[in-house]
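Which chain is which? They are A, B and C, in the order written, and residues in each are numbered from 1.
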Amino acid sequence: MILWVAIALVGMAALAWVFRFAGQSVTGNAPKFRDMPYGVAFGYVLGAVVLLWLIWAYTQGHSSELAIANKFFFLRIAIEGFILFAIAAWVFRILGRNVGTAWSKKMFRSMPLTASFGILTIIIYAIFAIFAGAIAPYGQEQIIPGVAANIVPGGDPALGGDPAFYFGTDQIGRDILSRLIYGAQNTVGIAFATTLLAFLIGGTLGFLAATLGGWLDQVLSRMVDVLMAIPSLIFALLLMTIASVWAPQLGIPLTAFMVIIIAVIDSTRVYRLARAVGQNIVVMDYIEAAKLRGEGLGYLVFREILPNATAPLLAEFGLRFCFVFLTIAALSFLGVGIQPPLADWGTMVRDLGGFVNYAQFAPLAATAPLLAAGAIALLTVAVNFVVDWMLHKSSGLKE
Amino acid sequence: MSDQPLVKMRDVWLEGRSDEVWNPIINGVDLTLQRGEVLGLIGESGAGKSTLGLAAMGYTRDGVRISKGSVEFDGIDLLTASAAVKRELLGKRIAYVAQSAAASFNPAHKLMDQHVEGPVQHGVMSRAKSEADGIELYRKLRLPNPDEIGFRYPHQVSGGQLQRCMTAMAMSCRPDLIIFDEPTTALDVTTQIEVLASIRDIVEQFDTAAIYITHDLAVVAQMADTIKVLLKGDEVETADTRTMLAAPTQDYTKSLWAVRSFERPLKPAVKTGAVPVVSVQSVDASYGTVPVLHDVSFDMHEGRTVAVVGESGSGKSTTARCITGLLPPTAGQILVDGQVMPADYRKRSKDQLRQVQMIYQMADTALNPRMSVGQIIARPVQFYLGLTGAEKRRKVDHLLEQIELEPTQYYHRLPSELSGGQKQRIGIARALAAEPKFIICDEVTSALDQLVAEGILRLLARLQDELSLSYMFITHDLATVRAIADEVVVMKDGRVVEQGPKEDMFKPPHHAYTDLLLSSVPEMNPDWLTNLLNERGVDNIGDAAADKM
Amino acid sequence: MGNVLKIILQRLALGLLTLLIVSIVIFVAVNLLPGDFAQSILGQGATPEAVASIRADLGLDQPPVTRYFQWLGGVLQGDLGTSFAQANFASFTGTDSGATTVAQQIAPRFANTMFLAMVTAAIAVPFSIILGVLAALCRNTVFDRATNIFTLSSISSPEFFLAYILILFLAVLNPIFPSLSNIFEGMAFGERLEKSMLPALTLTLVVTAHMMRMTRAAIINLLASPYIEMARLKGLSPMRVIVKHALPNALAPIINVIALNLAYLITGVVVVEVVFVYPGIGQLFVDSVKIRDIPVVQACCLIFATAFILLNLTADIMSILSNPRLRHPK
């Protein structure tokens, strides 16, 4: 095994040299090849080899031999998915460039494919989350009478599927598709609400600290320092333990506690950013001019500071949302987050996770937990792509 | 020596990338430089002079490209040369002196280590020889402690000295060409002299060719044999320095020369016994525990301009902060119209706040980028005068007309859609909107190009005559003082060194520091530096300056 | 040098103070629990005598401030208290099984977690710094964009998703590594390494992505500085520009990046240990949270927070030490 890797590396190294040499002689020593470092040539060869392997693996996925096809099933799906998403994003971007207002057209013109993919995905998620009740074929808690548990996804009866339940059923016979769709509503909705709350707390306090300064700033900042010295997931788990005792006694659902706990923990990060952004704005001369004019605190914060902080705050909102969303997913996965019977992606992964081990014989069975986990990943990836683009745009030509 | 020029740039076009589009920076400029010649490259910001200077080295920054033309150095085509060939030239035969020495020295290494790097890497000299040579160069550049200054880290050396160390570093391989990219722009006038003198000496001594990039005409007049004027990427004209100064042929060059001639007529002396609009009375102030102002007193009268002059750190802006109430003085008081003002602006009434208005140096940061021009000007109108609706709009339109901007055209614009000069005008309108008697102008023209700055000065002068405003004009530029001031206050280290009417201030005798400050301001006369050095004693201008204090 | 020493001592004192306050926060949080632990452990049908005996056993009859100092004093001596689950058992049987203290329960698991973290760091740190520098050097090329997409994706994915993907490809479809990390004491190093490989790789994926992006940003920032342009204009070779001029100044940001991400590992370790049933402190923590074994939760929390604070402190001190302005004052 190690020997093979070594041979492959040496082979590629030789190939890289040949590639550069050939490039130099064919193009008559054009600057591109003349000044090409050896490492870059090696990179080209490595890239080509990986690409060739992916193509080979993709054809293997269509192999008539079941064992081989199964083995490359997931790679095949991944490649198909990747290409499909890329095309969808591309089409969406073309659409955006030609439809809509002048402003949105201009925005789409300078947009990388990753960002248009992100926006498209976020829109689709939003639609699913808002209209979950109308889209989902079954209820999220509905155990359909007469339907077996653990129906394999794929809808092919020969492989243990059922066309009526294309994504299969879970361990107690609920429709996985419906639960995935409701999961969008529950998981995304709760994460969104939590992020909003975190911004409300952290943003308000951060701007106040930046504008007023003095002892308020000192007290708040030291408190935030202490809270941030405890890793957030650990602190959340600790507080959730306590909340899980309180919740039944007070008759408040545990999920409400979770929203508050995560919002408070996350608001510390928002506070730091809002304070930093606020401080950058507060030193501006136009704020001094407004202060000297005799303007009150409300005018300063809402008319002068806030409008100038929207761009960094919006980007931070995206990042915070991802973080909150992942924290909630992690808590649910660990069994202390969103509580059943509410459909939730993290919980679904935990419940269905064992099926991954059947991937070799029944690849379709293993897709169920991956679908739920993938649904989480897809949204956070999408949001991150958009945020990355926004940050890149606002940083201008610095890079 | 061959008669082939050292640098030959033909029809060079440069482009810069922004928002995925390539925009032109330089449009087909030719440049020829003979051995031992010093070429001054001047132009306003955005003229592309730095980009052109770097292109003469065959180098472009990220996001800039040479789209057309040729650049030859001593017969070598730099645009087609391989990376290795160019590396061999850079540092060894072509050297660069950057604007900010503090940022251009690597903070992690001692000056000498950076000095010898070029000669050692290019195989010109051994390390020991190069070190000895470095010390010799430091001595020639009249640096204090030449034997040990090289063994310090960059942050341990002052800005002016660092700039000379960088010149020494550029000289380390005895290059044929040095590009000076605004080497004195970041320095105070008194420091600038030392650097200018030492650069000129060393360039002459080694007969090095140089391209000297600057926006300051007077500086370039001292340094260059030939001057090339650039405007927005186009060459305006090129001529021998004396010819260019005496008889510019192009309108643009003429207008640049004319800026320095703006001067308003003298006003009659203030009537004795008149109550000053603002009176600063023995004010002390400190930041935390560090005292910054000591017993500062001066008066400002109606319809007159007081210029407060001094180098950075002299306490000019701090005095302004005391007057506005942002920094309550630790002793002394501020009187407006004979009334004592509360020290802290938060304790002043709306009307007291209204009387003192401010115009800022950086118009970019002085206007809220999210508000339209109309909103910015309307706010004080509504806040102080209580006008609303059509009345408010009428007042704003009137203010826009006063600052010579067409109301219908500018009312809805955002600051980002205005030029630097227009932004500064909006800042003036915002101050006027409060209908004040007194306006503090904090370096209002120093961030602007000369022509634009002149327009602002003329506008301020006109407004003063119309509205009998009183200005406190903070500046470090004596040309501006000449243009606009009625009275001058000279500050140094938080103290008022000298004050009096302008006509007295520009006539000797005066306080030694005022003298130093005044004489350090470069003049358009190409012999000015030589004469000045002769006057002060060439060898030790730094010490001479210190003695005079 | 005296100056630097003073700053470092200040940071150390601040770190200690933070730690102390954090311990108070944790203690107060735990004491926010309603009712009586003893009651809730024994359930509704418990006799008052049994409740009283457990209360005395756990020291719950003392006032909170006393309990805090007892707990803190114990912690300083390495005594993290008695696990409820174990105490419960001991009170009923009347025997002391010998493994009742939290410290005894945590010690071996702590070692396991440290092992996992170190394996991860050993792979991730060199890998991500090399990748980060490469991406910075080849910025805006295909390589840079591909790594950008790849790292963004792996940062965005929940740890369990990455874990299952790795299980799928490296354990189930291609049986290279075991998907369960049943590690026990006295296991040979090689075998232990093999069993820890999948959790370590999962963590590596997450941490590498973070570290690489931050290294890239730090290097790009650095390469834009005028002194790098100056070095280039002195005709130095690209290699020398990087090694002599960029790296000495990149040290501080890179150390920061490493420390920050090792601190991030602490959070990641919890989920990953659960997925792979790795017997580390994270798994113990989650189990204790589920059965509300307060002393264990409290102790784990404190350990995590301490590690977190120490790592940040190290980063702080290292970047002070690598700053020439502080090392060579005027």
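The rule we apply is simple: a residue touches a chain if its C-beta (ideal position, glycine included) is under 8 Å from a C-beta of that chain, and two chains touch if they have at least 3 such contacts.
Since the structure is predicted, the reported quantities are computational estimates derived from the model, not experimental observations.
Graph distance from chain A to chain C, where chains that touch are one step apart, equals 1. Comparing chain pairs B-C and A-B by the number of C-beta pairs in contact, the larger count belongs to B-C.
Nearest to the global CA centroid, when each chain is reduced to the mean of its CA atoms, is chain A.
With centres defined as mean CA coordinates, chain C is found 23 Å away from chain A. With each centre defined as the average position of its C-alpha atoms, the distance from chain B to chain C rounds to 51 Å. The distance from the centre of chain A to the centre of chain B, with each centre set as the mean of the Cα atoms, comes to 48 Å. Multi-chain contact residues of chain A, defined as those touching 2 or more other chains: none present. Shared interface positions of chain C, defined as residues touching 2 or more other chains, are 224.
By the touch criterion stated above, chain B contacts chain A in their complex at residues 17-20, 63, 80, 82-83, 324-326, 345, 348, 350, 353, 356, 358, 360, 362, 365-371, 379-380, 383-384, 430, 434.
Of all residues in chain A, those touching chain C in their complex are 40, 43, 47, 70-71, 74, 114, 225-227, 229-235, 237-242, 244-246, 249, 322, 326, 329-330, 333-336, 346, 349, 353, 356-357, 359-360, 366, 369-370, 373-374, 376-377, 380-381, 383-385, 388, 398-399. Every residue of chain C that touches chain B in the complex is listed here, in rising order: 224-227, 229-237, 240, 244-245, 248-249, 324-325, 328, 330. Chain A meets chain B in the complex at residues 31, 34-35, 110, 284-286, 288-289, 291-295, 304, 307-308, 397.
Considering their complex, residues 57, 59, 61-62, 86-92, 95-96, 98, 100, 103-109, 117-118, 121-122, 153, 155-156 of chain B touch chain C.
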